[in-house]
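Should a chain be cited, it is by its letter among A, B and C, assigned in written order, with residues numbered from 1 in that chain.
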Amino acid sequence: MRILLENLSKHFGKVKAVDSLNLEIKEGEFLVLLGPSGCGKTTTLLLIAGLYKPTFGNIYFGDKIVDHLSPKDRGIGMVFQSYALYPHMNVFDNIAFPLTLMKKPRNEIEKAVREIAKFVQLDEELLERRPGQLSGGQQQRVALARALVKGPSILLLDEPLSNLDAKLRLIMRAEIKHLQKQLGITTILVTHDQVEAMTMGDRIALMHNGKIQQLGTPDELYNQPINLFTAGFIGSPPMNIFNSKIGRDEEGYYILIEESFKVRFPEELFQKLKEENLFLGIRPEHVTISLQASNNLIPGRVYITEPLGRETLLNIQVGNILLKSIVPQTLKVSSGDKIWINFDVNYCHFFDKNGERIKI
Amino acid sequence: MMLKIGDGVNPRPKKINWNLFFFLFPAIALIIVFFFIPVFLTFLMSFTNMSTSTGLTGFKVIGFKNYLQILKSQWTLKILKNTLLYVFTTLSLFNVGTALFLAIFSTHISENAGKFVRTLWLLPRITPSVVYATLWTWFTAEAPYGVLTQFLSPFGVTSKNLLYTYPWIFIILINGFVGASFGMLIFTSAIKNIPPDYIMAAQVDGASTLQIIRKVILPMIRWPILFVTTYQTLSLLTSFEYILLTTDGGPGFYTTEVWALYAYHNALSNYYGNTLFGFGAALSVFLVILGIIFSIIYLKVFNFKALISEPKIEV
Amino acid sequence: MENYGFKGPIPIILLIIICLPIILLYGWLIISSFATRMEGLKPYGWTLNNWRFLLEKPTFFWQTEEETPNIWVYTFNTLIYSFGITIFTIFICTTAGYAISRLNFRGRRSLLALTIILHSFPSITLLVGIFVVLLFLGLYNRLFGVILVRVSLQLPFGIWIMKGFFDSISWDVEMASLVDGCSRLKTWYKIMLPLVRPGILALSVFTFLSGWGDFLFPYIFIPSKTSQTLSVYLRSLTADVRFVDYGLVTAVGLYYMIPIILLYIFAQKYLLNIYTGGTKG
């Protein structure tokens, strides 16, 4: 089912939790609403579920406006952060609950529950237990089964993985994605975890202050952040972002980083950068390191090293500032060592003083 | 794109919210019929001479005459004194005093013994008032029946009926043994919530038991104490059931008659058979006003904002 | 809590002394109901004669047999009275408590404020007004009328208690049930009520007990003998001090206390919860 949000707004008193949102989610798509807490992503999900009523704007499922429909009539399945299993019912009754409400015959319910339990890999023997007796991962599967049992056309997932331990989270991440592709069900997942968003979503809508900052594939968000917020939010460790100024001396154009050191780039770049003040961003993996001095390389000093296993995160002091670089673990340096760094122009992002991306 | 108020607002069909009606109608209806209307009636009736002899229709509006009569009556002062004696003695000795004693000491003996003591003290509260009053009338009966006379006779207490000889002592005891349990339970849970670190720290610093009570425990439960004190003041001011069931305001003329009982006697049950609804209502008005004042104070004391959170579902 | 203990026997001795009157009072009640005659705590011989009221009506020389109903009528009335109060109270408090805790409507704040105000309002001062209302509604001298009065007076407390229990239930669960296909009414009935069961039990026990022991309201508003409750009956047995048969009175009193003692023993957890959770003196 295609979902269309048109000028969707939700105000709580003076707070605009969701502010004129326009978003189309395609049939069968896995869309992730990503953002820091308080950005309006959960409110958006609850609006789509019908648990909140929009202040302005419309929600379409297919071509139909669903604003007046109560949640039960919207054909949605939903999984909550706390799983929200009914503690007074056993697992079977929990999963069967939506079907019971539809007054389906008993044998049909029995069959459907066992089928869906198998589909989400829930052991048959667990069906008689109470939710309280299950592990977090098992509760998660029950919640999924309950959301899917009535064959909804839309699946809503509200931070479904945040209550799981790290190892289980990896497993469920892959499993949910696999289930979604198998069913081809339009799915919206809300999360604050960018890794979850990047790995699971077909597209990501990054939200901040009730507005969508950037909508795109994980690749687009990572490689072409549309503004400073996206640039800073996506990526871990985060992008190095510097307050910069364009200048010119006898050697040609340069960019002065944080009033601290100069970086020189090819001449044609500066024809595209119109304003004097801008922000320069570069991801840690694109800051290249050299142990020998050379022309155009910027001298720095290793401030501290953070070994991450496969690679090492270096904090490098250049002038008055600290920047981060990721290097292979084979590069052995330690605090205090002198090194030289280079910014590859192809991987530099430029933003104007309002934080909007400057297209190069 | 700028949105003006009203743009895109979805016109929802206006209809009676039957859900809300189902959930709230019974409660609101009963509250109106048995709280609001009686309060209103009490005020209205206090300006009439309504009584058994006038009936509910033959009464006359007499303005402030009932109130003037209360001011002029020779009994008013006596009853006021009785009421103050009753409220403040019972409150300080039992509803707060004994309650504190029980709470402090029952939390510092073994858990089971403490629970036993508290359970025992809850018994008078849940005993039907009629049974409880009977127990005391017997307890204070003259020799050879009364237990108390039997116990006290070696100390030179005469074998008279103690309830009628020392009515005030026993009115206070009777009400106090019921009243103490409320404060006891509130204080107990407050004391149990004091982090043990504080008391251990005081012990390490060399404080004695009494010092710990005075300097650590009491200051830390001052809010529950204040709450119980004000709450029980109002309860006592308006309660008269146990007095009615034991001395009924006697012996003699209004010896133990308190304001609430006086109102009840005048309005609904007196010796002459002609009950004065209007006059009784005027007496009640004083208590109703006190009640409203106290209740509004509670609303202020309770942190009202913390009690209500916005609903998270708008269906 | 760790017992960080006050030393010495003094607290224990003091506790025993102030607990003694209670033990004596109730000890006497039990002994006396099986004794022929008592002097202080000393029984003179044992008998079951005091309990004959269960089989026949005790009559006194100033009464004729027809005047008084037997004990079972009073018991029945008392049961109707206290169950009636309990059922109405639970229904109204679970609905209104849910609405105040969960529903979105105008005046929700004011309604909660009103509940708190009425909660501490001394309803006993309204006796005269309530009397007139009952007369007007034709419910005076009817068990049903007094039940309604008692339910109303119990409401602010009960709504307050139930609101607290509803407040403690996670919103996710309620949202889930709405998505799963419940209306708000169905959610209340199928999901919320089972989840606030401890609250319902506590409020039931409390309401039943307070109704069972009730004296003033039945006494004032039900003068008719055939609708009277046990408390009023017991009062009539002790009304004339000169002729009180303490054996009979204590036996009836003990009989009257049976449900209370049972609930007191088996439902104490709930009772203690409600006394500290709620705040009705």
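General observations
FYI, a residue touches a chain if its C-beta (ideal position, glycine included) is under 8 Å from a C-beta of that chain, and two chains touch if they have at least 3 such contacts.
None of the values given here were measured: they were computed from a predicted structure.
Chain centres here are means of the Cα atoms, and by that rule the chain farthest away from chain C is A.
Comparing the chain pairs A-B and A-C, the larger number of C-beta pairs in contact belongs to A-C.
Between the CA-based centres of chain B and chain C the separation comes to 16 Å, rounded to the whole angstrom. Each chain gets a centre from the mean of its Cα atoms; for chain A and chain B, those two points are 58 Å apart.
A separation of 57 Å divides the Cα centre of chain A from that of chain C.
Within chain B, the positions touching two or more other chains are listed as 312-315. Along chain C, residues 175, 178, 183 each make contact with two or more other chains. Residue numbers of chain A whose C-beta contacts span two or more other chains: 50-51, 70-71.
Of all residues in chain A, only 46, 49-51, 70-72, 76-78, 80-88, 97-98, 101-102, 146-147, 150, 156 touch chain C in the complex they form. Chain C meets chain A in the complex at residues 170, 172-173, 175-183, 186, 191, 194-195, 197. Against chain C, in their complex, chain B makes its touches with residues 17, 19-20, 22-24, 26-28, 30-31, 33-35, 37-42, 45, 56, 98, 101-102, 105-111, 113, 117, 119-124, 126-131, 134-139, 144-147, 149-151, 173, 177, 179, 181-182, 185-186, 188-189, 192, 196, 199-200, 203, 209, 227, 231-232, 234-235, 237-241, 244-245, 260, 263-264, 267-269, 277, 280-281, 284, 287-288, 290-292, 294-296, 298-299, 302, 304, 307-309, 311-315. Those residues of chain A whose C-beta lies close enough to touch chain B in the complex are 7, 9, 12, 20, 50-58, 65, 67-68, 70-71. Chain contact summary for the complex, chain B toward chain A: residues 1, 3, 7-10, 12-13, 310, 312-315.
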